[in-house]
Amino acid sequence: MRQSRLVPNVIRWIVIALLIVGGLAMVFPLVWLVSTSLRPAPELLLVPPRLLPQHWTLDNYTKAFASAPLLLYLWNSFVFAMISTVFILLTSTVAGYVFAKFSFPGNNVLFMLVLATAIVPFEIYMVPLFLQVNALKLVNTQIGLVLPFLVLSYGIFFMRQNTLTSVPDELLDAARIDGMSETGIMLRFVPRLLAPAISALAILAFIQAWTAFIWPLLILNKPVLFPMELGLSQFANTRVDFGLTSAGAVIAMLPTLIAFLFLRRRIVEGITLTGLRG
Amino acid sequence: MRTGWKKTLALIAGVGLAIGACGPGATPSPSAPGASSSAAAPGGSTAASPSAVANACGDAPITLNVWGGYPEMDAVYKKAGEAYTALHPNVTFTIFSTDLRGFEQKLTTALPSNTAGDVVIRTANFLARFIDQGLLAPIPPDLEAFIKGGAYSDTDLKDATYKDKIVGVPIFSSGTALYYNKDYFAEAGLSGPPTTMDQIWDYAKKLAKVDGSGNVTRSGISLRLSGQGSGVAEKFWILLLQSGHELVKETSAGHYKADYNGPEGVTLFQHYVDALRDKIDSPNIDHDAKAFETKVTAMFAREPWVVAEIATAAPDLVGHYGSISLPVADLGATETMYVPTSAPNAACSWDFIKFLTAPEQQLTIPPTAGWLPSRKDLDLSAFLAANPGYEGFLKKPSGLKVSLTPPIAEFDELETKLATHLVDAYADYANLAGKPDKIQTMLNTWADETNQILTTNGHGS
Amino acid sequence: MIHPVQAIRAVPRRTWLRYRFVFLVLAPIMALFFYLRILPTATAVVMSFFKWELIKPAEQFLGLDNYSNLLKDDNFRLAFFNTTIFAVATTILSVLLALLLATLLARLVGGRIGAGIELLYFAPVLVSVVPVTLGWREIFNYQHGVLNALLGGVGIGPQPWLSDPTMTLVAVIILSVWKQLGYNMIILLVGMRAIPRIYQEAAAVDGAGAWQQFRHITLPLLAPVTLFVIVITTISSYNVFTQVYVLASDVQGAPGKLVRVIVYDIFENGFRFFKMGYAAAEAVYLFLIVIVLTIIQFRFLRGSRV
């Protein structure tokens, strides 16, 4: 990775040290959460609180897996998040590209409309949306669950902005002159240029679906269909079982962590393909 | 890269499918039949529950969805479900519960769209609107006769009544008692828990501790000073009841008026701000159950679930605390059971509800969930002996008056708005302590708003 | 008066093909949008002119009553005030800090260390809001919380993070910046790394220093992505709800002070008081405020076709 040789090494190491200190402060609440998940119930209310438990225990985790079909919930969340992510990536990349690189009557208006839908809080349109989905008889189904998560206004906005930054017109013209079809450009050429952005959007879409709670709560009745967050809220009486809730939160966090680690390399690798040639 | 992406996604999907194929089956296995509940049979005679009808549930496999708003009751419903399946092997259960806020949102979308469960458990109060819309079925006559037959207290019956009809079947009830720390009481030289309001305030003063920098390190009594929703007003109401006043008083049938801005209301409010001024309690110290469990308060008033929490989260407190009934009055609430009108297996659902009223099932509630059963004709003496923390809930002074939430739809709104005002006023205690006139004016302003809300909804006096 | 058929024929074929392409691509996506977002929102907006109690069908047409009553409503005014302060503070803090982080990580730190640091700052985004907010409640605790302990270590007295009205707002801001920072950082990093190297190399050849490179090349080219981050942080700040709800709930110990924000007020009006039409009007106000802010932000950051 290129380093700027204009900045002396000493400063560089000081900056790194400061960043690490800041980073540790950032993860402190998470460390605390993990520590809580490893505590037995009587240690939850220690005064003054201790960071590390006196008696380490995996009880919360065994209890979590015993009181609810967590693997099933994890699987449901995984399917849900994957479908949502794929659709969001597809619709966002394609629409973002079109909004950014094509002039046509209504471009701005439509885009503003898309952006406007991002502003409205979910609490407001969730009831009419529920009634719509109910009219389609999709309540308590997997399709009904995933439906609102097939598009993401932010996604379109994000890909449009990234297209503006990373896809120069010249490159597009060159591809057209080379004989590529518009569809080919849209589905093969442009995404290659936008790989880092696509990876970033993938993570964000995945996390959004993974941590969704209210819509699954409204649309699902059968526990067999529950995703993680909803499943967790079922058995945890958060008053007494904060250890249990924390264990659930840690379990829920791991897949998103893995997804991030997996996708992060793509964000870095993407840079080698940009740049105008010659 | 795009094709590379597709391959990666396909790989993930494939791995995922493989995991899914090896993972748990698609449907959770039904609770094993044969396990019946283990609570001790009640001593003495009790009114017999209507016997479960042999074939209300037919022979075809049925799954009943039980919806409740208190996750700690899940274990109770589950055990009851297992016992019921032992009698009716074709019936299995799924229990759905979530915290109260989520539950209320869920009911609001599910009931009107006919996608709700088979058995719904909530207060008659909250469900009043739904009852108005005909979304909840009326109780079958035989069950209604049983309910009126003496197994339940008048208060429970009243709380289950809406528009002069009993609408729900009581299952578990709540009340408030005063928890007190015996060690702190002994240390302050107090021989026993307080039995009058004056004693409560007096003892609180003696029990509070302040450190060198003027910070309260132990509150004499832990008051509810902040929080969202209507809790702050509800706790104020409970203490107000001790002086014979309500938040809103029924002046004539269906008409109400604010009742908290009289001299007793002013006095109670003064106690609050004086307590803050005199460092008996403080906004900066922990409050509520947590404070009691970490021993930074000597007294506080709450519902029975705290006993169960102390047993798990603060076991060193067991034996060192007690609970005593409030002196004059209490605020009661009864959770009741319903069957939505759209439920497909109504007869079976009602049968299960009948099953839950049986003494054996009622008696599983306290040890499992910490709440108290609604039936008053059960013998809980053995339970009380084993769990003395419940004393304040089971031993009530004769003549204790139990108040209920008025069956008006706008009560939640006016209680919540009052709570918002109280929170702001408590924060301003320095300017209000010792100024009864100012307090009176303030309460009057709030009462105007309360009365306005009542009038707008047709319940003004 | 132009004859329509002649007008259509006057459009060059390439343009026509272009329009057709755009239509084929956008139509299905916009159809989904319409069904999933625009239609339910429009329903809610229509309901804002009625007395809608959620369970019953709407009965009474109220015209603009909901809107005018809101303007007189103390709770709404307080919510608007709190939310605006919160949104401004959170946006400024989280965007500037994210920009700083992204720059340092893109230019100064690299390789494994950089990856590790990115993970540390991004981790808060991965965890569910409710349990972690309960954890933050402990951190903000007056007597035993870590924050007050640290402040004590440098000689500052303990702060009433969850009881004082102002401090509670500050606490929610801290919590939200904490959660938002990593999100913004990743997006800005992606944007930065996407800037073709060749521009910076050319500038370096011309003798420009690190700071000049940053100010005249990176920053302007980053403008579209920076605009994105500012806009979405503003939008999500105006939509803050769960953290505020959890901090003030009586689950797991004593509740903190409630910071009344707009979406909390909407939730309370709609789902507690069942005044859904009123809540919908409130949402329309929220929408208008944010769209105005967004348009201002677009204008302000207008660079090369932002």
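Here the chain labels run A, B and C in written order, and each chain numbers its own residues starting at 1.
The working rule: contacts are C-beta pairs under 8 Å (C-beta built on N, C-alpha and C of every residue); 3 or more make two chains touch, one makes a residue touch a chain.
Since we're looking at a predicted model, the values are computed, not measured.
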Most distant chain from chain C by Cα centroid: B
B-C against A-C, pair bridged by the larger set of C-beta contacts: A-C
Centroid distance [mean C-alpha coordinates] between chain C and chain B, Å: 36
Chain A and chain C: spacing of chain centres that average the CA atoms, whole Å: 15
Shared-contact residues (touching 2 or more other chains) in chain B: 99, 105, 108, 289-290, 296
Residues of chain C engaged with two or more neighbouring chains: 54, 143, 251-252, 271
Multi-partner residues of chain A (at least 2 other chains): 47, 127, 238-239
In the complex with chain C, residue positions of chain B that touch it: 99, 101, 104-105, 108, 111-112, 129-130, 133, 135, 215, 222, 225-229, 231, 283-291, 296, 409-410, 412-413, 416-417, 420, 423, 427
Residues of chain B defined as touching chain A within the complex: 1-3, 5, 9, 12-13, 16, 19-20, 23-24, 26-28, 65, 70-72, 74, 94-99, 102, 105-106, 108-110, 113, 115, 117, 289-290, 293-296, 305, 308-309, 312-316
Residues of chain A touching chain C in the complex: 1-4, 6-7, 12, 15-16, 19-20, 22-24, 26-30, 32-33, 36, 47-49, 91, 94-95, 98, 102, 104, 110, 113-121, 123-129, 132, 147-148, 150-151, 153-154, 157-158, 161-162, 164-166, 182, 186, 196-197, 199-200, 203-204, 207, 211, 229, 232, 238-239, 242, 245-246, 248-249, 252-253, 256-257, 260-261, 264, 267-268, 270-271, 274-276
Chain C residues touching chain B - in the complex, by the definition given at the top: 53-56, 75, 141-143, 158, 160, 163-165, 245, 248-258, 260, 264, 268, 271-275
Chain A partner contacts - residues on chain C that touch it in the complex: 18-19, 21-22, 25-26, 29-30, 32-33, 35-41, 43-44, 47, 54, 101, 104-105, 107-111, 113-132, 134-136, 138-139, 143-144, 146, 178, 181-183, 186-187, 189-191, 193-198, 209-210, 221-222, 224-225, 227-228, 231-232, 235, 238-239, 241, 251-252, 263, 266-267, 270-271, 276, 279-280, 283, 286-287, 290-291, 294, 305-306
